[in-house]
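So that you can tell them apart, the chains are marked A, B, C, D, E, F, G and H in the order they are listed, and the count of residues begins at 1 in each.
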Amino acid sequence: MVKELLKGNIAIAEAAVRAGLQAYFGYPITPQTELLEYLSKRMPELGRTFVQAESELGAINMVYGAACTGVRVMSSSSSPGISLMMEGLSYIAGTELPVVLIDVMRGGPGLGNIAPSQQDYNQIVHGGGHGDYYPIVLAPANIQEAIDLTVLAFDLAEKYRSIVIVLLDGSLGQMMEPAELPPMQPLRESYPEWATRGAIGRERRIHTSIYLNPVEQEKTNLRILQRWQEVKKNEVRYKSYFLEDAEYVVIGFGTAGRVALSAVRAARAEGNKVGLLRPVTLAPFPAQQIEALAGSSKGILVVEMNSGQMLDDVMACVKGRTPVHFYGRPGGIVPLPDEVLVEIHRMTEKSGRLNGHPRDQWLERMVQHI
Amino acid sequence: MVTDTEITVYHRPATLTDLGTHYCPGCTHGIAHRLVAEVIDEMGLRETTIGVASVGCSVFAYNYFDFDFVQAPHGRAPAMATGIKRVLSDRIVFTYQGDGDLASIGMGEIVAAAGRGENITVIFINNANYGMTGGQMAPTTLPGMKTTSSPNGRDVESQGYPIRTAELLATQEGAGYIVRRSLHDPKNIRLAKKAIRLAFETQVRGLGFSLVELLSSCPTNWGMDPVDALRWIEQNMIPYFPINDFKVHPVIASLRI
Amino acid sequence: MPVKGRVEVTEKYCKACGLCVAACPQSVLSLAMDRLNSKGYHPAELIAAGCTGCGICAIVCPEAAIEVYRELAKAAQPVQER
Amino acid sequence: MQTEIIISGFGGQGVLFAGQLLAYAAMEQSLQVTWIPSYGPEMRGGTANCTVIISDEEIGSPVVGSPKVVLALNLPSLDKYEPLVKAGGLLIVNASMVDRAPQRTDIQTVMIPASEIAESLGDKRMANMVMLGALLGNLPILPEEAIAKVLREHTTERMQKLLSANLEALKRGMNYLVEKVK
Amino acid sequence: MVKELLKGNIAIAEAAVRAGLQAYFGYPITPQTELLEYLSKRMPELGRTFVQAESELGAINMVYGAACTGVRVMSSSSSPGISLMMEGLSYIAGTELPVVLIDVMRGGPGLGNIAPSQQDYNQIVHGGGHGDYYPIVLAPANIQEAIDLTVLAFDLAEKYRSIVIVLLDGSLGQMMEPAELPPMQPLRESYPEWATRGAIGRERRIHTSIYLNPVEQEKTNLRILQRWQEVKKNEVRYKSYFLEDAEYVVIGFGTAGRVALSAVRAARAEGNKVGLLRPVTLAPFPAQQIEALAGSSKGILVVEMNSGQMLDDVMACVKGRTPVHFYGRPGGIVPLPDEVLVEIHRMTEKSGRLNGHPRDQWLERMVQHI
Amino acid sequence: MVTDTEITVYHRPATLTDLGTHYCPGCTHGIAHRLVAEVIDEMGLRETTIGVASVGCSVFAYNYFDFDFVQAPHGRAPAMATGIKRVLSDRIVFTYQGDGDLASIGMGEIVAAAGRGENITVIFINNANYGMTGGQMAPTTLPGMKTTSSPNGRDVESQGYPIRTAELLATQEGAGYIVRRSLHDPKNIRLAKKAIRLAFETQVRGLGFSLVELLSSCPTNWGMDPVDALRWIEQNMIPYFPINDFKVHPVIASLRI
Amino acid sequence: MQTEIIISGFGGQGVLFAGQLLAYAAMEQSLQVTWIPSYGPEMRGGTANCTVIISDEEIGSPVVGSPKVVLALNLPSLDKYEPLVKAGGLLIVNASMVDRAPQRTDIQTVMIPASEIAESLGDKRMANMVMLGALLGNLPILPEEAIAKVLREHTTERMQKLLSANLEALKRGMNYLVEKVK
Amino acid sequence: MPVKGRVEVTEKYCKACGLCVAACPQSVLSLAMDRLNSKGYHPAELIAAGCTGCGICAIVCPEAAIEVYRELAKAAQPVQER
């Protein structure tokens, strides 16, 4: 019950340790490397497994192997490294194994830069390798949430035999805030009935993602999708601020959501009835909540640290029932509260052009300024 | 049926399941499977072994062995095996990989595993082509050899030279046992079995990474009958891929099995 | 007198690859061209006396389809019946 | 109530550490706080800065465009951050390292020869403490004792040895009170 | 001007050759391998570059290198191999280079099977590596289209300095149809002003995707996005069937679209006013066309060979203005016209439950049957 | 300024741009750059050379050389170089890669390029750690050496053995020139330059894959002053990574430069 | 008008090739046509089949659930496809390879000892031609000459040598006319 | 008389790494502690006579900051002025 001043990367690493992490496999990449470095010391100290893999491909497949044995296992990386894990993630999904992955996003595409960004939204929430499956995606906006969601990630992964990705931007990895770490959980001692740990006194078990007969593959896909329906029913999480009487709504996740909170407060101080919805689970997405807000509000502003990726999901929920606006800073720039406040003004004063796609309108304004 | 007056010279290994394989007639993948099963039987490792199948004709290896098995993405079996072995260090973990899988797409993973001295065993089937996908050129395809992706015969100038995997991996400090054997005749099959045994013994003793490269036939894609295919191994593959011990840990060298 | 042996081919496994036929030093194996097994192959079978139970056919069989037995040498046989 | 503080200087001037001290002290006072380093395009070396936000409610953005307070430990920092200080805000400048006075007339400024003071106390590297003192003296967001406590309890051995010198540096800083800009 | 009976994989390969393909880099994977095999003979014959790479990672980065020199370059693969290309694709996008990629999809996720499927829609259209960029995605439904779109792919790639992906399922790769190949184009002789071909008599040139300064990265992202706006304006392509008086609309791409056409014809024969929209460009998506149809129709049925990936895009266009239904066969199963007809009946007779997400409704029906 | 009565013993190579590097003071990446530029100058290759930068401290190499340059994803420089060389076979293509880049994530690509005998040159900087990301363990980190990801010193039991890259690649038939040199003193720097020259000569003559491994310092992450770092190379790295010729094509061996 | 034909048999029976002949012939007649092999879960060996669709308008689905015509060259094919033939459709069975008669009464069936006929013409492998002949004889979707032309122009040398035998096989097949199922 | 040489340090490149200082066999190089270059480093400079123009400092300089000149030996100098 004591708060400590903790840095995001370290807080997540230690939270995972306390959640019973038994094995970590990773590869250095800024701005995630501290997490790996911390665990390179901490895990062996506790007699647990730490391996610096030869690459992200190696790391995700070591994770895959360890996950087959039923242990709590995790990897972490950042955008380009995450791209390299796509095949492995698809296999893990097809094999229905619980795995936790931390993605501390940086600027891109390509090698890009190491500044904070939310460029991976699409590849994590929508793309993510070939095939029909959905990882659970958790998006903390502060260190306490990063800790709590990391712990939750392991529980959800096991409950739904699912990949759970904790998605945050580099600034959260570097930031310090007071937060409380969970108590140290004992390591698991019994293993799920599917774990391949050697067939001692039992029939052999197999883990595979091949279903050469399409009928079997289809059944698998439907089974995975059914489980996903459960996730959608049970696990939607979000935070709302000033929404009770809000006429306008801002939506943003992670750091963009926090920045928006400051802007919303400033707008409130000016007497504008603006509220904020901050999705905590990006998948499952708080679609019903947004749909409801679309019905009750005069406008919605989506704020992201990319060129408008979650925007599409919000628009799909809004279904044209209220105007949607967009403000994004791609490429590693954290928007400032003042910038978002300007956008809130634009929305509430309806000074912007309203026809056309919000991304197009935003792009028009942005290119004027560069 | 054994009678009172007989001894059993050979019986089907207990750790092979009842399922017939999907391999083409005469494909020596089957022999390699059998030898692994025999060794696992003899060493009494059925309950503690976890196999890692790769992508290639042997992708379904897990159907044929009566112990725990997982199936890895193309080339990544050593990484998966590492993941397993690191959390279950008292288990026996081996990968079964083809030459496309191990020496082409998976070269990074196998070198890293050997470099780390990962205490796993690798059964490496070198059949000089990509069997499963219909006979394309592999890193092990011989100079001049025709495949579906080297239709005029492998031209070393533009398509490169065959990779000698065992030799390459034997440069690694972390490697405890690296040898090449062949499956083309009874004598060599016996030697191959012994090598597989020693590779597992290396692992049991924690002496580091072990690998047995097995020259193997692919009658279907080579377009030969199974017997000719074995002769082809002897006459064409062995000169390029010599049967040899490339690295043997002294403890293993002194073992009498 | 040469050692006497015999082999049993579990026909369902056999794929008629002929490796055992080619390898048998006594040339006592052949494919049974008169019948097909469940997989549609002509299984291998012993066609003549002379099998020594050397086990070579089993060693080369990719399908582990062959079991090999060898008569105990007379001397080694227990005299009393059990 | 929320106070945003940017501390900026050269790499070796301990600006990140000064920010962390503030953050720890705010935490001790059961306030909300965020500390975030900037990472610019420079890979290593060059200028360093951090933003500390102290508040009594949940903190939104950990970064701000117009901070209430800026501690500028060198000239590039003064150049960069002077224009950004919120109107009515506070700018504290390490006078030892700059060759010009601030220009703004709508903010309060403190010119303090922090490096010199620190050097006189035995170690130039304590300039950051002097600057922190000047902050607390002019804007009592945190009691001096809170920082002292953190210095005692949360710092490395080397710092512990220099504890009394550091406390003295803090104190000396506190005496530099705002010049009302004419 | 003579039609030949051509197999999809071969037709695409030869079309690329005739479009002036100068270099091909690939790796075998079913059901795309024939394409590579064909080019392993054809390219060297013509003195052009063919390399069987060590992996899909190798292949996409060889493509990357060759693209830097300004040549017409292509790779091809299938779902798991495509996943491995994600990092490379993101780099290529960030470097703004023209590249053509053929994706002959199979069943998944994971190793899955080699049967036809449309499992890669999300990763190709929405995901596709880290970062804010969009590849152009062309989806042929027959061999002639496969040929024509392959040729178009090279032109679009160069016009927009973009990645262009020709997305088809394994059945199109294996199928034969009469089709006409284009004439052999001469190889390019002059090279774009950005090509790195050795600084002979000029200043050096650089290709990179690093913009360590986020402001520069943001500018790059906006520039790429602006180009994408152009693509959206100019390059939307689709085919419509019986839409003039259609009361109900079926939407499907590729093979699913063809299968739907048969079902639509059958429905017409029964007197049902049903039409079909078959997107030919999946990105840019024919959003305006679908939006218009949503306004004028009583129901829309989306048919896919996956668990409903394009479905989400259709729903985003429809915006709740007309009921959307879904029928999919994931895992490598090609739906039959009769199955789709049943779904058309369900739609026109409004016999299905209509509240809830169409994917949920479909899943409910599917799991009953497995 | 040269006077009438002087000769120029050394001047800055023409193919280095005017830009100062971003390397840490005393980092021998700078020496390696200089040597490459000198060789390109001497061989007159500025207009026909295309460089491929990798991911690591040398990611910005393209800023410092006055010829065409591209930048590859982490580990994939040999693949990019292959793509370029195959369509421009008369150009000189080289990669510049660190040990993390080449011997860890990029091992698959470098072995394949060597195996194919890809006619490119590789300048391989072995500084026993991941410089750019702040000094993590690399495949080349020495046993017992402390890094930020081997905080107790590299434990060969759990973290594996250093990979000797030149030795490993020299097993490849396709390799024309594979040597290791060091940048720790004037004599060795001279030898390194000659090796770089011979590597490019190998490429010019179409004799296959060429690679020069250069033992290099990372004063920043080693936590040493630049002069001590050079001594550390000599005393600690060379014993593990011997300076040697591992493969030299006979044509190159007989060359007098 | 659209005709869907599934040809199915063992791997070596030339069913894919027979389908391609049909497809070429349809193309020669300026008809629309699709040919698609099935790939089942079997990796190699086992049963092979293909679907050919011939039409005078743009062909929708290249696969069908209920084909108008099925050519079953062996027993598993008969078992699998008999139930699927469209009511009123045509089922042609290689009687040499099956041991039962078709059961359906709502379709037309032809039992033809194709393998035997082919063997009598010199090569059992021409059973596919006999079956094709039976198709053309009973459902004149294409003129015999169209197939003959394709055989002459589009096939390998080996086929060319067997040309007249193949044409004869085709002819012999054409004589087997539908038995009206009682 | 020993060969006479001199070096020119392009100061903007110098990072004060000291490698040249340590390597100079004549110990005639030092870092100029009295001034900083544009990058904030004390650049290397010649501090004493005795430079032989051997070039070693240039060989070890990672920044290619040093140019080295050597006086032509008297005999080798052209006698006539050009």
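The working rule: a residue touches a chain if its C-beta (ideal position, glycine included) is under 8 Å from a C-beta of that chain, and two chains touch if they have at least 3 such contacts.
These numbers were taken from a predicted model, which means no experiment stands behind them.
Peer 1: Note the shortest touch-path length, in steps, from subunit A to subunit C.
Peer 2: The least step count works out to 2.
Peer 1: Can you pull out the chain pair that has more C-beta pairs in contact than any other?
Peer 2: Highest contact count among chain pairs: A-E.
Peer 1: Report the chain whose CA-based centre is farthest from the CA-based centre of subunit B.
Peer 2: D
Peer 1: Give, as an integer number of Å, the spacing between the C-alpha centres of subunit G and subunit B.
Peer 2: Roughly 44 Å, centre to centre.
Peer 1: How many angstrom lie between the CA centroids of subunit E and subunit H, rounded to a whole number?
Peer 2: 62
Peer 1: Find the geometric centre of each of subunit A and subunit G from their Cα atoms only, then give the gap between the two centres in Å, rounded to an integer.
Peer 2: The answer is 55 Å.
Peer 1: Calculate how many whole Å lie between the centre of subunit B and the centre of subunit C, each centre taken as the average of the chain's C-alpha atoms.
Peer 2: 27
Peer 1: Can you pull out the residues of subunit F that are in contact with at least two other chains?
Peer 2: As it turns out, subunit F has residues touching two or more other chains at 24, 59, 71, 73, 75, 104-105, 107-109, 111-112, 116, 139, 159.
Peer 1: Of all residues in subunit C, which are in touch with two or more distinct other chains?
Peer 2: As it turns out, subunit C has no residue touching two or more other chains.
Peer 1: Going by the touch rule set out above, which residues of subunit D reach two or more other chains?
Peer 2: 41, 43
Peer 1: Quick one: which bits of subunit F touch subunit E in the complex? Just the residue numbers, please.
Peer 2: Where subunit F meets subunit E, its residues are 46-50, 52-53, 59-60, 62, 65-73, 76, 79-84, 86-88, 91, 108-109, 111-112, 116.
Peer 1: Within their complex, state which residues of subunit E touch subunit F.
Peer 2: 22-23, 25, 49, 51, 53-55, 57-59, 61-69, 71, 73, 87-88, 91, 196-201, 204-210
Peer 1: Mind listing the subunit F positions that touch subunit H in their complex?
Peer 2: Of all residues in subunit F, those touching subunit H are 1-13, 16, 20-21, 23-31, 33-34, 37, 185-186, 189-190, 219, 225-227, 230.
Peer 1: Flag every residue of subunit E that touches subunit G in the complex, lowest number first.
Peer 2: Against subunit G, subunit E makes touches at 3, 5, 31, 113-115, 142, 170-171, 174-178, 255, 258-265, 334, 336-339.
Peer 1: Could you pull out which subunit F residues touch subunit B in their complex?
Peer 2: 75, 104-109, 111-112, 115-118, 139, 156-157, 159-164, 167-168, 171-174
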